[in-house]
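Letters A, B, C, D, E and F name the chains as they come in the text, with residue numbers starting at 1 for each one.
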Amino acid sequence: MEMHDAKRVSIVIEAPLESRLTNALDEAGVTGYTIMPVTGGSGRSGKWTRDGQLGRSGMVNVICLIRPERLDGLLEAAFAVVEPHIGVVSVTDAQVLRAERF
Amino acid sequence: MTDILDLAAANLISPIILSFALGLAAALARSDLTIPEAVAKGMSIYLLFAIGFKGGVSIASHGVDATLLSALLAGLVLSFGLPFLAFALLRLMTGLDRTEAAAVAAHYGSISIVTFVAATSVLESSGIAAEGYMVAVAAAMEAPAILSALWLVARGGGKGGMAPGLLREILLNGSIVLLVGAFIIGGLTGEAGFKEIAPFIDSPFKGVLCLFLLDMGLIAGRGLRQAKGVVSIPMVGFGVLMPVISSVIGLGLGLLIGLSLGGIVLLMVLSASASYIAVPAAMRVALPQANPAVYLTLSLGVTFPFNLTLGIPIYMALAATAVGGA
Amino acid sequence: MTDILDLAAANLISPIILSFALGLAAALARSDLTIPEAVAKGMSIYLLFAIGFKGGVSIASHGVDATLLSALLAGLVLSFGLPFLAFALLRLMTGLDRTEAAAVAAHYGSISIVTFVAATSVLESSGIAAEGYMVAVAAAMEAPAILSALWLVARGGGKGGMAPGLLREILLNGSIVLLVGAFIIGGLTGEAGFKEIAPFIDSPFKGVLCLFLLDMGLIAGRGLRQAKGVVSIPMVGFGVLMPVISSVIGLGLGLLIGLSLGGIVLLMVLSASASYIAVPAAMRVALPQANPAVYLTLSLGVTFPFNLTLGIPIYMALAATAVGGA
Amino acid sequence: MTDILDLAAANLISPIILSFALGLAAALARSDLTIPEAVAKGMSIYLLFAIGFKGGVSIASHGVDATLLSALLAGLVLSFGLPFLAFALLRLMTGLDRTEAAAVAAHYGSISIVTFVAATSVLESSGIAAEGYMVAVAAAMEAPAILSALWLVARGGGKGGMAPGLLREILLNGSIVLLVGAFIIGGLTGEAGFKEIAPFIDSPFKGVLCLFLLDMGLIAGRGLRQAKGVVSIPMVGFGVLMPVISSVIGLGLGLLIGLSLGGIVLLMVLSASASYIAVPAAMRVALPQANPAVYLTLSLGVTFPFNLTLGIPIYMALAATAVGGA
Amino acid sequence: MEMHDAKRVSIVIEAPLESRLTNALDEAGVTGYTIMPVTGGSGRSGKWTRDGQLGRSGMVNVICLIRPERLDGLLEAAFAVVEPHIGVVSVTDAQVLRAERF
Amino acid sequence: MEMHDAKRVSIVIEAPLESRLTNALDEAGVTGYTIMPVTGGSGRSGKWTRDGQLGRSGMVNVICLIRPERLDGLLEAAFAVVEPHIGVVSVTDAQVLRAERF
């Protein structure tokens, strides 16, 4: 099967900022992403768990598959949102089927 | 005095308070008892819908008296004003910096709807009526405190502030929309509508509140366990002092605008209570440097249980004395 | 005529309709009010169980009259047949291609159980009785429309169609199994069983329906916001015209087989309503080329609110006239 | 004898049992009907809270009779002891190795709170009273069996056993904490507290139980479908024989300590029932080599439905004979 | 710790197709996979969110760790299911402990 | 944007062991991780799904981003917990923003 190089960017960010991040991605021309739930975690700001939570608290994991040449634009857009906040950004090399969709 | 103690004692052994205590104890003992997030959110939607609806129905049946507008105004004044008091107290009593202090202050200007609901229950059990539109006052008090806090930070030259879209987000916050929306529905459908859905929004209400408070106890307990080292003794002092002072200010305003005894108590409770849903989310967006452990612990771990157990009886006693002596 | 208007007006200010309106308004205003998926699914399980059970109990206590079988047959005929009408209308009125038109048509042959439930409530409030087995007719009408739509596509040489296992999946669909299962349980346990669980499945029913409709309003509103550019004016016209025509066909069949006034109204409502749970899932499997935004917007964003607000009173008026004049 | 059959028949067509059957049938037919995890957990929290609370209230109003302590002791003895019997039977009847047999044995020493609740319902319908503190006995029986099983494995030189923290985890298990906590709350608030929240924890109780049993049927059915080849005929025999023997031991102890007829039946049911929540989680930590498919299938797929349908009427008949003849 | 090369395949697919995909994987001899929930996303067919959803809508993320030499078989099986539908397939190089299990 | 090499470790483990695993990670000095829910899966011990489940059953996915030199410590700590149980450990090369946080 023909595969195409891509970058897989994973952004773990506080739930109240989800729409700000996806808006920033949209503006940067990144229209493909998948949002996955996070039930707990630990980091410099301590441990937390989603159980019983009220309101829009907790974190989410936003995953983008993107052409390698567009990575920098995405990271800059994402970083502007994530920078002052709790959150983690990581990038992995990946390959995708159906590159025409990216 | 014995009256307050009696009321406090009766209050303390109600299923509602004991459920909170159970949750708190379970979390502190590190039990794995948890309530799924979706269930907790479902219960909070239920409570907001029910309380808003009942407020609207009460307006529909008893009519709007002249104090409605002044009560709404009083709520706005309190929500805008109390953060300044809280900010000053925090800077005086604790070592929190401007931003942290402002973030905490926003919580104390806003309100806790569950404390409001608990107070409503106690009033009902004591046979004291209150204005139905106090629900609308509660909704009006949710958001303004956030603006005051942001102004306090901005004035100090601090970073953060009104991110684009934040104002719309705050005002169209799910809790406010649901509370106000249900209030309007209740007002439009009145007693007839209430009768149709009372077996859902009225009869099981207290029971749902028990489970909801169980969850709040669990969250507060988990928070307290993780807040070691973050929250100092003076901060805890603030968490108890602030609601008492706020309640007295609420009492003054309530007397001024001529609310009933029940209405005054509810205005005191709204003044005294601190937010733990809408404001924390807004603070994560607007003041991300502020540590959530501080404001959540104070609001949910100190002030909420204080109000629930001792606060409400105290405010009722104060209000009774003031109204009786007026 | 004033009667219809009165009924429509009374219908419009019921807590149920207003809850839908609240959800719609909140979503259109981009409030972050949401109901967790698990809670929404929990409520839909509750509603299906309750409505099925009550239908079965009514059979157990009033017995099965001779029209049961003809009513089931009428339901099957409608569900198989209406997609052809919808398909023809869509090809005539809108620019949708065969596959898109067939996918939409499948939705209009199938039914919306919430519309059915809302109509039952209105009938009850108006004191009009209906055959308990109409629930079984509703279940019978869920699936056949899907087959008609697939046949329409296949006849046109289109891709897609009966994926292996799809038929079993459609017939053993969770909603159908729960509705039919609860119907059988209600039939077996009868009044005695009903009394045991009535405080759960009966008293709070309307209240749960309010929250469920709040969620449907939220979903419909979000859908409408995203459907800009996808749904044209003629399609909206179809979404209003189709239910009216279908209801008249349902009326004819109902008169023919001798249903009671209430039964006729429910058959009309089933004919007029469009699916938004079972059929969309089946279409994603069988006709993936068809754009879900089109059929969900029409079914949930146009036809559902139309039926809920104006449709039900109109169908009741039509049925009353027809039965009165028969 | 006809009495048992009548009771069994009446029991079999109750909405509760039929809901379980519906779930089982739906899962075996591979319907996609599912209840979201959060909703299932929410219902189990509701049931534990309600049953614990009601037990506490009954203590508060009827007082503690002298047999409370002996009943608790009897429960501990049963929970510690029954795993040895189960282990011996399993080694005799089936080919399970020590570890697998011990893991299964732990489940049969512990209890199923839903079976307990179902038995309470049947007793109520039959007008037979039971000691309110049997709920506390149920809580006491949850955990000890786990220790016996681990001892059985350790004695055989097997791997696994008391991982650090496991004991605390078992004792502070969410179900136990909630059951005991609600029991204490019920005891403290008594009838007054009960009246406040009865429309939540009492009236809709049986209805919620129906939906919960629907879910248990779905889980059991899915388990049975996947257990092909894992569970042998002799194991199924054990799953039916073991509860009957256990119930007779429970009967003996119940007579010995002088429980009422209702109390004896409940002690028999506790003895006969097998855990499917707390113990499986503990076994995954302590005895990971044991195959969960084996113990879950036996407990949930064989013993649970047996107790629910035939077991409870049989135990009631046995108890009635024994008490009548005593 | 000894690690073994593997491929990590992530397939984001519409929920109503989940069982079809896992059946296809089973038939292709892929018996190990993990299914993770997705709460929202955006792509060529627009944005969506799981909140309040009814029925079996939304998407899921199916993740397979697989020996590199078996990748092609898996991709063909997956592609046959995903092709006419909304969905994204990506592959990452990975390493696994306990290779005897793959 | 400056990126730093890291390893992304994903551990799929039974839910009742979640706290044991995170405690072991804490003790090994790994204080950053994200816990994501798993709704079903298939492996040597058969298929399972989270729907309708009672109790603390099911599995969770614990994800750690870690400096490459710390990988072995993490894997040993994790393996001690996972080894006797059902579960899968995989590692991917990744890059992270804000390495000061790791």
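Here is the rule we use: contacts are C-beta pairs under 8 Å (C-beta built on N, C-alpha and C of every residue); 3 or more make two chains touch, one makes a residue touch a chain.
On a predicted model such as this, the values are computed, not experimentally measured, just so you know.
Listed by label, the chains that touch subunit A and also subunit D are B, F. The chains in contact with subunit D as well as with subunit E are C, F. Of the two interfaces, B-D and A-B, the higher number of touching C-beta pairs belongs to B-D. When you average the Cα atoms of each chain and compare centres, the chain farthest from subunit C turns out to be F. Put simply, the chain farthest from subunit D by mean CA position is A. Comparing the residue numbers each copy contributes, subunit C and subunit D share less than half of them at their mutual interface.
In whole angstrom, the spacing between the mean C-alpha positions of subunit D and subunit F is 34. Note: centroid distance subunit E to subunit F, computed from Cα atoms, is 19 Å.
Each chain gets one centre point, the mean of its Cα atoms, and the points for subunit B and subunit C are 41 Å apart.
Multi-chain contact residues, meaning those touching two or more other chains, occur in subunit F at positions 36-37, 49, 56, 92-93.
Those residues of subunit D in touch with two or more other chains are numbered 32, 34-39, 41-42, 174, 199, 203-204. Every pair of chains meeting the touch criterion is listed here: A-B, A-E, A-F, B-C, B-D, C-D, C-E, D-F, E-F.
The residues of subunit B lying in touch with subunit C in their complex are 36-39, 41-42, 45-46, 49, 53, 168-169, 172-174, 177-178, 181-182, 184-185, 188-189, 193, 196-201, 203-204.
Contact residues on subunit C toward subunit E in their complex (touch as defined above): 34-37, 40-41, 44, 159-160, 163, 165, 174-175, 215-216, 218-219, 222, 226, 276-278, 280-282, 284-285, 288-289, 291-293. Across the complex, subunit C is touched by residues 13-15, 18-19, 22, 25-26, 29-39, 42, 199, 203-208, 210-211, 214 of subunit D. By the touch criterion stated above, subunit E contacts subunit F in their complex at residues 1, 3, 6, 8, 22, 26, 31-37, 60, 65, 92-98, 101. The part of subunit A that touches subunit F in the complex is made up of residues 12, 36-44, 47, 49, 59, 61, 72, 75-76, 79, 82, 88-93.
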